[in-house]
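Same chain, two partners: chain A is paired with chain B first, then with chain C.
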Partner chain A sequence: MRTILFIIQKEFKQIFRDKSMLRLIFILPILQLLILSNAATFDVKNIRISFIDSDNSISSRVLKDKFNANSYFSVTKELTNPKEGLDFLQKGSTDIVIEIPNQFEKMLQNEKKAELQIQINAIDAATAGVQNVYVSQIVQQVNQDIAVKIYNTTENQIILSRIETIPSFWYNNTLNYKTFMVPGILVLLVTMLTLFLSAMNIVREKELGTLEQINVTPIKKYQFIIGKLFPFWVLGLIILSVGLVISKVVFNVPMLGSILLVYGFTSIYLLLILGFGLYISNHTETQQQAMFIAWFFMVIFILMSGLFTPIESMPKWAQNITLLNPIRYFVEFIRMVLLKGAGLKEVLPNLVVILIFAILINGLAVWSYKKTN
Partner chain B sequence: MVNHISNEKVIEVENLTKKFGDFTAVKGISFHVNKGEIFGFLGANGAGKTTAMKMLIGISNPSSGNANVAGFDVHTQSDEVKKSIGYMSQKFSMYDDLTVQENITFFGGIYGLSRKQIKKKTAELIEELQLGDITKSRVGSLPLGWKQKLAFSVSLLHEPKIVFLDEPTGGVDPITRRQFWELIYTEADKGTTIFVTTHYMDEAEYCDRVSIMVDGVIEALDTPKNLKKQFDVDSMNEVFLKLARNIE
Partner chain C sequence: MKRFKGFVKKEFYHIFRDKRSLFILFGMPIAQILLFGFAITNEINNVDIAILDYAKDAESEKIIQKIKASKYFNIENQIDNEKAIESEFKNGKIKAVLLFERDFAKKLENQKKATVQVITDATEPNVANTITNYTQSIIQNYQNQKNTTQEQSVSIVMQTRMLYNAELKSVFNFVPGVMTVILMLVSAMMTSISITREKELGTMEVLLVSPLKPFQVIIGKVFPYVFLSIINAVVIVLMGYFIFGMPIRGSLFLLAFESILFIITALSLGILISTVSNSQQTAMMLSLMGLMLPVIILSGFIFPISSMPLPMQIMSNIIPAKWFIIIVKSIMLKGVGISYIIKETLILTLMTLIFIGLSIKNYKTRLE
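So, the complex of A and B:
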């Protein structure tokens, strides 16, 4: 135990001595959290919409006003013909072009129906889909308004034949993407930082030759490993704390569940990540190699974590791979606890998986760390 | 000069062999070192001396053969061996980003010294090496000669029976080397056994006995005086060249 304390003391000294590194450790994650959380939004807002109004009637104006009044849309300049509309779309000056045919109002009055042509830039299919839904909703509303205005019918005379759905959004009722993203990004930062630091730490001593010096001492493997990893474990928890404070203060992320549970889970999760870092360290000779391998796994972990893309929409084989991804369990966990207020019972499966992973990888890491070749 | 040597054998090596795949780096060497002896372990680059030394200090397992260091088997009791030996590698291996004091504390600590002992040892070191106020400077900022003296002293913190020095004076000027050898003599006089590898043949002359390794085999082992007589030359340098040339 005394030996471990000597190592921990030395590691902390080295961490705090390197001022530039220290700045990187603390300032970068904070910046990343602030910037990424604002950038990684899937909100579909500021949709630029253009009209080609060949009708110029009351009805067409009602339609346009409705879009104008909606905060999700910003109406660009009025276009005159379909060719101009296509050009505009092509140049990327607008997201949507709506063409109102010249017999629009007449058709509405005479035949009780009219057609609108809507062109949407669908390079980003997901966004285009959402935009389409928004446009359709507004057109639906216009339907009603026009009916009232044109036919002079009173509202109670309109027979609403369609079924209205009133969605109610649970757990994130304002549909705020930041609420959804911030905890996930926090998970990434905690993981990246601790993985990179631990993967590089022991291999650095290999490079310097100090590891050989350590190996000639009667120190036990477990003493060295615990002494080495404990400081990063503490660092990981500090980063988590800073991140949670920012999440609350800056992004107002709800924290419905137990914060104690978050710390408990993170404590075990960090053991897993540090063990993995150690394992990488054991199998590499230089910091570059360690960094490269750590990045390789990190990219896979991030993309397959369910943070940016839902796991449910991945092919089955990819979904199976995500079962091995520690970040997946943490992202799932932190969203459940912070946003849904899940308790230990609900997150127990995640906890158990992470615990098993942690035991396995640390076993492997300790076993593969050799004082003697 | 040899009055510090006793007849007790502190290193006994028998048929020690190390293979890396098809390549045999150390080919069944046998020798012994007496307590208090300054034993020079010489050889050209790639002759296998570092490999042999790594087996003796317990960080490399022998492929076959036996080695007994400080009364313990290097293969089965490597932790016991490690408690009884000090080691200074050719690659300077203290922490550059820590101060002299912090390095002493750390290495003392992992050798199991108490804080009190560390304090005492530090005071002694400052006295012996005339470290003065550099104890608070970072090791990385010291000149190489200082670093080497410091590394030697640190390897002695836990008062080992044997200290292994792997090319301890590489890259420093003759005066600093001379000072370093004075430290070695002081330590040997206390009864510590010194096992040292070097490329400097003048240093070989300082040793009580010298072995010369060529191609994984010990080709010669005796006092420098006897070796010179045996090869009928005036200096260790010529002994070394003669041996190495014979092989080629």
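So, the complex of A and C:
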């Protein structure tokens, strides 16, 4: 036990001695949490829309006014011909071009039906899909308005049956993205920091040749590993605490569930990540290799965690892969506990999986760690 | 020059000798493109929802059928009271509940008005919002169908064309993004770590007292990574083209030129990082911890930049990846020529010059 304490002491001293490194360890995650949480939003707004109006009638003006009045759209200057419209789209000066044909109003009056040509930049398919829904919702409203104008009837005379949909958004009724993203980004930052540092730490001793010196001391394998990894475990929990405070104070993230549970889960989760880092450093020779492997897994963990893109939309096989992704469980867990107030009972599956992973990976890492080369 | 050649050769040997790193360097981008190209989509479909039907009449049944028929929703189960919603949400089994009020059909008939509540679990605002939008448009369509029999109604028919991506494949958005993330991080991380490695191991001193000029040392170290990154870029574009059906509508030559420009931008950022860090750990913190999330989040790779708050939109301008993503999408999907992307190209060039300038200023040829 005393040996472990000495190693831990040495490791802490090493971390605290390098002031520029220490600054980075704290500043980078905090800064990123503060800044990036604001940027991570899928809200589709500020949609730029351009009209080519060859009709110039009451009906076409009703249509344009409806878009003008809607806060999701910002109408650009009016274009004169389809060629200009295409050019605008190619330059990226607009997102949607709507072409109103010149018999638009006549067609509506005579045949009760008219066509609108709509072009949407669909490179980002999901955004284009949402934009399309917004456009069609407005066009539906316009239908009704124009009917009133053309037939000179009052609204009461056209009694259409209406099915109203009343949305109600639970747990987050203003659809605030930050409460959704902040806990997730915090999870990423804690994971990245501890994984990168732990993966680099032991391989560094290898690269500099100091590992051999330690190997010939009476220090036991487990003492060395615990001594090496414990400081990062503490560091992870400190960053988590700072992050939670920022979430509460700056972003006003609701914390409905038990904070104790969050700490309990994180403690086990960090063991898993540190074990993984140790495993990486066992199987690499240089810090560069270790970082590259850590980078590879980290990108996969991040993009397949369900934090940015929904897991349900992935194909089945990919959904099965996410079952091996520790970040997925942590993101799910922290959202359930903080935002929905889930208790131990609801998050037990996540906890059990993480615990099993932690035991497996640490077993593997300790087993593959050799004192002799 | 001969000396320099020899040095570059040595650097190549260093990299190619290390089979494992080489395997990682080439294998991993391929694995990532494959995985993400097939798996990642920010479309929302197959959402599990539940129905709470107090009406149980013909109208509600018809709407439920419509919902069932759409690819967006899976009707997971029927629940029979509002209390059950809470526990279903907490388990995370369903994302939304459609609630039909009592006497739905009767109200629609007599009062011409009936309501459906769409209750969503908005912890994921994006999913909640999209579900609400989709349900609304399904129900609206249903309502319009009912109303077309009415005398005094008109209808504007939308002829919508999805430009550049008619089938709405999200892979068209992700391939340029993944390519950028890979090139950016690999180039910046590998160079910064490999240069600081020489510093940390003390071999930099040996190189500095050699007859090679300092800039030759740096270029010699960076050169193999230019080469490797170009190969990576080619592999990614080929995979995008052959596996995911990404079109290359613009000039291949232009695409190659812009990719090389971006690789150089990323490498010079790597050099800059190496001049300000004295250990590989610091270099890693700056290049990996410091760049990874900003490149993923602020570049427009996943989150549309136009939706961000204004300060974030301004901040995204300093991310080189943002400009490269615009360039790649413009060339590959829109098929435009250089005149449409001249601004982006100039910005990347300027950034490269700034990185190189700062590196020269910070570069120390003497020992402390």
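Note that the second predicted complex is superposed on the first by the 343 of 373 C-alpha atoms of A that agree within 3 Å, B and C clash if a C-alpha of one lies under 4 Å from a C-alpha of the other, contacts with A are read in each partner's own complex, and residues count from 1 in each chain.
Definition applied: a contact is a pair of C-beta atoms (placed from the backbone, for glycine too) under 8 Å apart; a residue touches a chain by one contact, two chains touch by 3 or more.
The model shown is predicted, which means the values in this text are computed figures rather than measured ones.
Peer 1: Counting only touches as set out at the top, which of chain B and chain C does A:Glu332 meet: first, second, both, neither?
Peer 2: Once the two structures are laid over each other on A, A:Glu332 reaches chain C alone.
Peer 1: Of the two partner chains, chain B (first) and chain C (second), which one does A:Leu208 touch, if any: first, second, both, or neither?
Peer 2: It touches chain B and chain C both.
Peer 1: First (chain B), second (chain C), both or neither: which does A:Leu89 touch?
Peer 2: Only chain C; A:Leu89 stays clear of chain B.
Peer 1: Once the shared chain is lined up, is A:Val216 touching chain B (first), chain C (second), both, or neither of them?
Peer 2: first
Peer 1: Using the touch definition from the top, say if A:Lys19 reaches chain B (first), chain C (second), both or neither.
Peer 2: So A:Lys19 meets neither chain B nor chain C here.
Peer 1: Of chain B and chain C, which one touches more of chain A's residues?
Peer 2: Counted on chain A, the partner with more touching residues turns out to be C.
Peer 1: Per the definitions at the top, what is the overlap between the chain A residues touching chain B and those touching chain C?
Peer 2: Common interface on chain A, chain B vs chain C: 18, 208.
Peer 1: Taking the complex as given, what residues does chain C use to touch chain A?
Peer 2: Where chain C meets chain A, its residues are 18, 20-21, 24-25, 28, 31-32, 35-36, 38-48, 63, 85, 89-92, 108-109, 112-130, 132-137, 139-140, 142-144, 146-147, 150, 152-166, 168-170, 172-173, 181, 185, 189-190, 193-194, 197, 200-201, 278-282, 284-286, 288-290, 292-294, 296-298, 302-304, 306-309, 311-312, 315-316, 326, 329-330, 333-334, 336, 340.
Peer 1: Which part of chain B faces chain A closely enough to touch in the complex?
Peer 2: Against chain A, chain B makes touches at 57-61, 78-80, 82-83, 85, 87, 89, 91-98, 102, 105-107, 109-112.
Peer 1: Quick one: in the complex, what on chain A touches chain B?
Peer 2: 2-3, 5-7, 9-10, 13-14, 17-18, 208-210, 212-220, 371-373
Peer 1: Along chain A, where are the residues that touch chain C in the complex?
Peer 2: On the chain A side, the touching residues are 18, 20-21, 24-25, 28-29, 32, 35-36, 38-48, 63, 89-92, 95, 108, 112-130, 132-137, 139-140, 142-143, 146-147, 150-151, 153, 157-173, 175-177, 179-180, 185, 188-189, 192-193, 196-197, 200, 204, 207-208, 284-289, 291-296, 298-300, 302-304, 308-310, 312-315, 318, 321, 332, 335-336, 339-342, 346.
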